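Take a look at these structures.
Shared between the two complexes below is chain A, which pairs with chain B and chain C, respectively.
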Partner chain A sequence: MALPPILVLGIFIGLPIGLAFFLSIGYTGGLNEVISIIGQDVRGRDGKLFTLQAYKDVIADPRFAGDLKTTLIVSFVATILVLIFSIGVGLLQRLRGGKLSSILTGLSLTPLFIPVVISSWALYTFYGSAGLYRTIFNSFGLDIPQITSTMLAVIIGSIWTSLPFAILMVTSGFQSVPNALIEAAQDAGASLITIIRTVMLPLALIPIIIVATFTSIGVLGSFTIPYFLGPNQPTMFGVEITNFFTAYNRPQQSVVMAFIVFAAASGIAISYIWANFRSAKESGRV
Partner chain B sequence: MANDVQPLNLHTKSMGVKAILVAFSIFMMLLIVGPLIWLALHAFVVEWLYPSYKPTGWTLEWFRKVFEVPTLVSAIRYSLIISPIVVIVSAVICLPAAYASARYNYWGRRTFLIMMFASNAFPKIGLFATIATLYYFLNLMGTMVGVIIVQVLGTIIFMTWIPAAAFAAVPKSLEEAARDAGASKFRVFRTITLRMAMPGILVAMVMSFIYSFDEAQGTYLVGAPQIYTMPTAMYAIVETYPIQVTAVFSILLTIPSVLLIGLARKHIIGGQLAEGFQIK
Partner chain C sequence: MRKNKLVSILAVAGLAVATLGFTASTSHAAVFQVRLYVSGDTNVEKMWLTELIPAFEKANPNYNVDVSSFDLHGKNDALTLAKIMAAAKLKKDAGFDVIEAGFVQELGLKGFLTIPSTSRIPNISKVPDSLMELAKGGIPYRASTVLLAYNSKVVATPPKTMDDLLVWIKANPGRFTYNQPSGGGSGYAFAQSVIDKYMTDADIKTLVNEVNKPLQAKWKAGFDVLKSLNPYTYGKNGTYPSGNAATLSLVSNGSVDMATVWSDQFLSGLKAGTIPSYWKVAQISGPALTGGPAMLGVPKGSRQGVAAQRFINWVLSPAAQNIIVGGTLNGYPVIPVTLLSEANQSKFAVGTDISTLRPGYLSSNSTDFKNQWALEVPGK
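Showing the complex of A and B:
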């Protein structure tokens, strides 16, 4: 009974990753034949493995260094800020409660239900040249530049889309810290900061790791946000991979970039799997 | 249930701390809801010129204009056909697995779990690029089947984990009691297990529908330019149509999510979703 989803994942995720890897190192026969004929600049010959020429092409491309830098900076900064915001909201809700914090938590979940295309576009109009953001500053007599088409806008957009899941996870992590533990620490004279640092954060560590890894993987692999909000060049790999695949018809180079992103994310991916597996184990699901 | 935990109600007398809390909350609200309201308002305006706080006038004209754009009408049709199919296919594939993983400790449980997490641990766009490579061979590029498969892949995590948690929450003693009273295995499953797990299954279906309805990256990569669903049509129209048309279309695209979430709100925010993902 458990077989169908495993088969589907195997055929449409496992197999393609394998095939694409072989394509990236120059295997153009077998199941890769069609794409090798259709695509431009495909390196490597039928049946013969191993050429790193496609990787060399991509790295030698003048766009590569800028794209890599942009992707890494955006992912890193967005993840840090998402962590700060979600921990802030989570603590507020856990320690203080009240109407304000429940409204805040409720509202923070809104983006979960808004298609990412819409949110990107909404952010674009909000921060764009005729957006409310500039209108507000204008009424104070400040004529500031628009922030769309900059890295800052991509970071704001990434935070916007990642926040709901982060808040959901962190909040439930803090919920599982027993009141008794916090009160015991209070009775022993610990300050609020000490309690947060030594009791609450360590006990909610696993959900926090899940949030950090999930957010950074999500941002690394995002397309819509940088497509709408980012500059044309340099851009994030998500946009570049899509451009290479469709607009430039260079699938092999596109796949090579995908593997570079996979490699960059592999450490995070392993921590993500580990943290999820542990949390599943703790809750007795395995 | 973790959500029953009462907050500590730590209150502070310091006005400074209070001011910071209020400022933080207002900042978060503006950050989150501001752009949505801003875009939604544009659906009803004649024109809105920078730097005015007020549009030149209000109108409902744009709601009619949207349906005069053939690309958008066909996108609406594609979305309404594809998303229900995705939910059904995903349910057929995943629900038995969800039940099995909740009830039997079968060999692949760990492998299965790790595979699920692993498929989430790869940056999405890279996965879509590799899938498209296979699609060229299978001749699925630009086809409806291709789009459906790409979307089903994303729903598997919802369709297995949320129902699995729901199935696991059905007390075994209840099933056994029904069996002792003489009910057949199938009847026990239908009238007890399935019925009690139904909220979880419905939440999974709602989440899958919304995922499919909103999925843009993969659909765009394997579907365009032959197949545009509502979200991928947005890529095409934002540059060519006035902002009011895109605002109306955004509202149309958000309606199903908001409606469904409204219906299933209690379960989603309260627990089923979080439960399926992590807490128990």
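Showing the complex of A and C:
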């Protein structure tokens, strides 16, 4: 039964990844021949088993360090902020309930229904130099700098796109904490902070880790938000890979960057696998 | 009775099949299908789909033009180029008979295009020789140029030369912008024109016509000037709009007072009302902002090569050129202005000569240029 999906994955995903990997280490013949003819600055292996020259080129490129730093900082900060917001809304809904929390949860799902391109343009207009955000401050006589084309705008945009899924996951995680445990802690005289720290968070740990991994991997590979809202340089890898592939016509270097991002994402994915494994173990499936 | 009914049903069915077959075969025999590939912005797509193709099919009822693939902003240019080259290597059909894309020149240089001849496309005799030479086997069919757009309420007399423009930019911090060269041609034109100010005419000509890496070292002086503009362009922080559309949105909401724009996109925006009527455009000199022709090409393995060339011949006819100039695109013609309708002639200053547009670099030099710009200019 598992064979057809594995075949499809193998042919349509595995094969291209394999080809790209061989291109990145200098195999410019065979199925990679045409792309090697078109591309500029393609490094061949010249009869050797493989060459890492393309990797060296990319790492030596002055843009690489800045892009790497930007990508990691944006992914890290956006993930932390998404976690804080989603845990906050989740706790409010679980412990307090009421109208405010329902409105917040409802509102936070709005981005799910707005295409990313549209919301990027909206954010671009809102935070741009003639946007509402600066206009409001200006009416009080404050001339604040515009934040489009900065990393801050990219972080805001990333939070906007990642928050709905995070809130859905985290709220459902908190919902599954039994009332009995919370009440027992209250009876024992535990403060709100203690209850959150020792009962709520540990019990919802797995959904929180899943949110953290999905958000950071999603932001790591994002294109639209940094393309519209970010600075030209340094930029995030999603944009830089596209630039190298199309605008600069350097397919090999873009493939190399893709593998570097892939390595970073795999690191994050390990924690996701660990979380899944742990939850499977708890429910006795492993 | 029963048998009769069956026979009549069969007869009707047989007749139906025969009719179907008959109509199918007649329509098949008469129609030449030309498969067009277009890579460009939405205004180009609109011109092909709603103006040029319907007009062509009306004038030539036995032709059918199929825009088999439209590639917005040319995002898949590299893939398409690969597909065409791979198909040519294997002597297979690439799936296109006519190509409009930025890489037509490159295909021509590498020998993948049918060389245009006056016997198949008589109308190319009306296209200036300098443009035909630049096209390397492609066929120029319309042109546009990048111009300096300015808010006439703020700027009474626009800069006339590149030097004046650079002075104006520094005197009015944050009020000028151009988009990143990799994102669109309007910003690219400004960047290349600043660079060209520090190059000799012979060097520029070489970079327009052939791949030349060593010559690229001479870009340094111009890049230093572009870098020095970082604190003075929109945002004042060395960041630039992502593409042509982003520049136009800054123009239309008044965030800047001056920017470089495509002539056709600007005129369309003015017509549509998205750009306020007090915005005007002007060309500068020393050097002029670049412009040039858009080209069509017929790949060598095309299945409908003859029909494709007939289609191109029509596109170069005054009827089609009038649509390009007078329609939604507001393009420049590639045939002499005097061959256009009077209404369209009045759009151009007397003596407008399309062959004097200053062309951009050859594609592989221009990709290197975009790459260098990203290294040298933004955020520095």
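FYI, the second predicted complex is superposed on the first by the 262 of 286 C-alpha atoms of A that agree within 3 Å, B and C clash if a C-alpha of one lies under 4 Å from a C-alpha of the other, contacts with A are read in each partner's own complex, and residues count from 1 in each chain.
We adopt the following convention: a contact is a pair of C-beta atoms (placed from the backbone, for glycine too) under 8 Å apart; a residue touches a chain by one contact, two chains touch by 3 or more.
Fair warning: this is a prediction, and the values are worked out from it, not measured in the lab.
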Clash or fit: how do chain B and chain C relate after the overlay on chain A?
clash
Looking at A:70 after the superposition, I want to know if it touches chain B, chain C, both of them or none. Which is it: first, second, both, neither?
neither
Using the touch definition from the top, say if A:62 reaches chain B (first), chain C (second), both or neither.
second
Just checking: does A:28 make contact with chain B only, chain C only, both, or neither of them? Give me first, second, both or neither.
neither
As a test of reading the superposition: which chain, chain B or chain C, is in touch with more residues of chain A?
B
Partner chain(s) touched by A:129 [first = chain B, second = chain C, both, neither]:
both
Considering only touches as defined above, state whether A:210 meets chain B (first), chain C (second), both or neither.
first
Applying the touch criterion given at the start, work out whether A:79 contacts chain B, chain C, both or neither, answering first, second, both or neither.
neither
Mind working out whether A:248 is in touch with chain B, chain C, both or neither, as first, second, both or neither?
second
In the overlaid three-chain picture, which partner chain does A:280 touch, first (chain B) or second (chain C), both, or neither?
first
Does the superposition put A:158 against chain B (first), chain C (second), both, or neither?
neither
Shared contact residues on chain A - chain B and chain C
34-35, 38, 124-125, 129-130, 227-228, 245-246, 251
What residues on chain A touch chain C, complex-wise?
34-35, 37-40, 61-63, 66, 124-125, 128-130, 145-146, 148-150, 227-228, 231-234, 243, 245-251
Contacts from chain C onto chain A in the complex sit at residues 74-75, 77-78, 81-82, 85-86, 89, 174, 180, 182-183, 234-235, 237-240, 242, 246, 249-250, 253-255, 363-364, 367-368, 370-371, 374-375, 377-380
If we count contacts the way the header does, which residues on chain A are in touch with chain B in the complex?
1-6, 8-9, 12-13, 15-17, 19-20, 23, 31-35, 38, 85, 88-89, 92-98, 100-101, 103-104, 106-111, 113-119, 121-127, 129-132, 134-135, 138-139, 156, 160, 163, 168-169, 172, 175-176, 179, 182-183, 192, 207, 210, 213-214, 217-218, 220-224, 227-228, 237-238, 241-242, 245-246, 251, 254-255, 257-259, 261-262, 265, 268-270, 272-273, 276-277, 279-280, 283-286
Which of the residues in chain B end up touching chain A in this complex?
2-3, 5-11, 21-22, 24-25, 28-29, 31-36, 38-39, 42, 48-53, 92-94, 96-97, 99-101, 106, 108-127, 129-134, 136-137, 149-150, 152-153, 156, 159-160, 164-165, 168, 210, 213-214, 216-217, 220-221, 224, 231-232, 234-235, 238, 243, 246, 250, 253-254, 257-258, 261, 269, 273-274, 277-280
